[in-house]
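Labels A, B, C and D are assigned to the chains in the order they are written; within every chain, residues are numbered from 1.
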């Protein structure tokens, strides 16, 4: 039997992608969408799918009680997400939260609530499963091949370098790699900056060019061999396999899991 | 205190690389080399390192008893390797076996012997740690991104296609991926062979060119993103980090482990 | 002084991209757009740029005479493109034609017309300059490094394999490469298709995965080295640098040039 | 009929590779090797090929006169190379010079000598044809796609960064690219060095890892697309196709050509 899902924020960019993803998977069923400004209209008609038999409901509490959902997916705002999650757990509907903005204290509080109620719950700031796997593998590889460099490549309108993903990857590598400065001790930069930015002794390089979107490779070297882990992302649909996974996993959990990477071990 | 190691077959290609690797790691100490035709000569002098203070011994049993080793590394022949391993366990020296040719029954027998004696032992047909990691990551990724293709690339003197590593990788992916034919159902090859060789419905491509050595990439695709895991190998020294790891792990084991990949979880 | 341009078909997909490109380049000036259903309205307003001071004109002849253009860019239909080109040359406005569907005879006829009038004209079936460069470089490299394989990679909804670009590349390589079968003479496919599709003795491999768009690499190998030429394309804007180049080149020509690759030599 | 070749410095590293290359090509014939300390011995026997029917001669002048060669290949020393070239031209044998150390004045002088005698001559500081092609293509591409970054990757024992090849490539690109600073004007390095070393406004990144040998990629980006040119080199044999090309080209020349890249246009 299909997992019954409601999507809060179903009209938004991520929300409507989620509706499309659910609609195309026989193991999932959208029972309603939630949007304060819409009521009764078919969700599919609003987002351009044509009628799909699931209405918009303008009140979350009613969606949670009248439609008998198993899972609530939330892509809304930092202001409302905490209350949404509390309500869902209260009505024994497992929350899958992609909205960012929850504090450490919020997460802790929701985690206790989930545990008391033996309910599954998932909060994930990044649903791009390929990126999550890249970071996880990079951390695993660093234990055995501690000489590493990161090359991240983005479009040339990006302001910050290195990217957030590169820094997150570097931190995860740093947790398992004994800190040491790479390269020959007498290495010399003829042009300053050539060897990149050093994080705990290993370099990160940032490439910015038109025609690129969001790419990263992590290269590990040891005697006679290199291992490269690379992720290429071209658009927002890349988050959907991660949301799909979260919906299917959360119904089997009895506690809150933070971060899609933790989910991969379950 | 350094781990005391003897190398059986220390004069051979893999054996002498192993001696060099041990010599360059402060946590390891070579106590003697074993070669039936040499006795008393310094191992380092024979293999071109200069004197290193460890002699050749022409009798394995004497090496195991008189030199108080913790670990025996064996790169010899299929004919002798089983007896070597039995002897080592008997004298409470942990074997690390890179020699191929042991049967399934041999491995089973040695495994029971190790377990009875609560002794660590490692048998690994492939010590290239980067290749092992590539295969392991590929298997992990296939659970979440089941659309996959393998491209392996070797020098143009190679006779078999796909490579053994590609087939082994495909088998490991096959263990976790639900079998299905990839590509569009009405896909058409204008030139036969373009879509590669299919293994359980996913393609493997073999590139053969002068200037290549041994390379493989495994590419996973899902909506809006791809994840690529790539290994490049240029020579035999690529096996040494794996041998190093095995020596350091085997002293902490109380049973036999087959395959370097299993070791990565310990 | 800026080159004065009119765009025929300015409301269409390629036409409106062309308008945006012209608008963002100080060396070019859009003087009007041509569309049979629009007259007087600002082109920028119609395509979402806001007013840019260039009106739509519903008659090509009037656009060519009243607006004093240097160049006419045409992205319209196979039915009308020939007459458009003839008219442009008649009024001494150089045509840049991206519309496909002209026959060999049409091209010949327009070529003679351009020559008689000592007018520049450009017809290009493919304006993706990166792809054009990839094919040109591949042909140049094949003279010196005749061992080559092509790997093309596209999304998994593509029906034909190999791609048209891969076949065009292979043909261009075939023009300069002495035909011979690559790989070891005793090479053996353990799984059929592993070595790809052979074109004049060299292999082409087609990868199809979700998350890919349109990519191709051409790999040349010779002793101790490989040379790789790779093109990655993610959307239609990739044609604009080629259109830009054509506009700037056509004003210096006194004859018709067919194919953007020919233009690179001018 | 095969081109008759003598190799000066046939016992050295590059010289003996050259002998092997000539021996394996039916269009070339080694007539003798020159080495001041050897006379009469078969060249093949000295370098491990077995007898090949070409003797060592201890006097260059005698080799040039008695053996009727078409081409002289010289891999010797900066001290002697100029005199060798002069002698060769005097006896109407075309020189192919791989020895480095000739001054600009020397090259000028030899160039005039070749011209007066209507003789072909080639001097090339780098014979790696793949690297030469990479640099040439990079320069050609920069005209049409001026947004570019270079990533060069070498083993971690290399002292200088960027590599000489990267700097040479950057200079060649600089000759055709209008200087401008790439990246967003308000781009900010969170970690210093992330954006690499800037040469005339475009970045160069240097990666140093064990397991790498000598690799470089030049990435060009424009709207919606990227073009990548990559060279991977693993050893000294990579120079032989370039030497082979030079021998075959020099017999058709009537002047001196400096640099293998110039040769590609002939």
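Criterion: contacts are C-beta pairs under 8 Å (C-beta built on N, C-alpha and C of every residue); 3 or more make two chains touch, one makes a residue touch a chain.
Please read these numbers as outputs of a predicted model, since none were measured by experiment.
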| item | value |
| --- | --- |
| Chains contacting each of chain B and chain D, listed by label | A, C |
| Residue-number overlap at the chain C/chain D interface, same or different (half cut) | same |
| Repeat of interface A-C, chosen from C-D, B-D or B-C - more than half of residue-number contact pairs shared | B-D |
| Which of A-B and A-D has more C-beta pairs touching across its chains | A-D |
| Most distant chain from chain D by Cα centroid | A |
| Cα-centroid distance, chain A relative to chain D, in whole angstrom | 49 |
| Chain centre separation (chain A, chain B; CA means) in Å | 35 |
| Junction residues of chain D - those touching two or more other chains | 130, 211, 220, 222-226, 232, 234, 238 |
| Residues of chain B touching chain C in the complex | 147-149, 151, 153, 156-162, 167, 182-184, 186-199, 203-212, 219-226 |
| Residue ranges of chain D in contact with chain C within the complex | 128-131, 133-134, 137, 140-141, 144-145, 220, 222-241, 245, 264 |
| Residues of chain C that touch chain A when the two form their complex | 130, 211, 213, 232, 234, 238 |
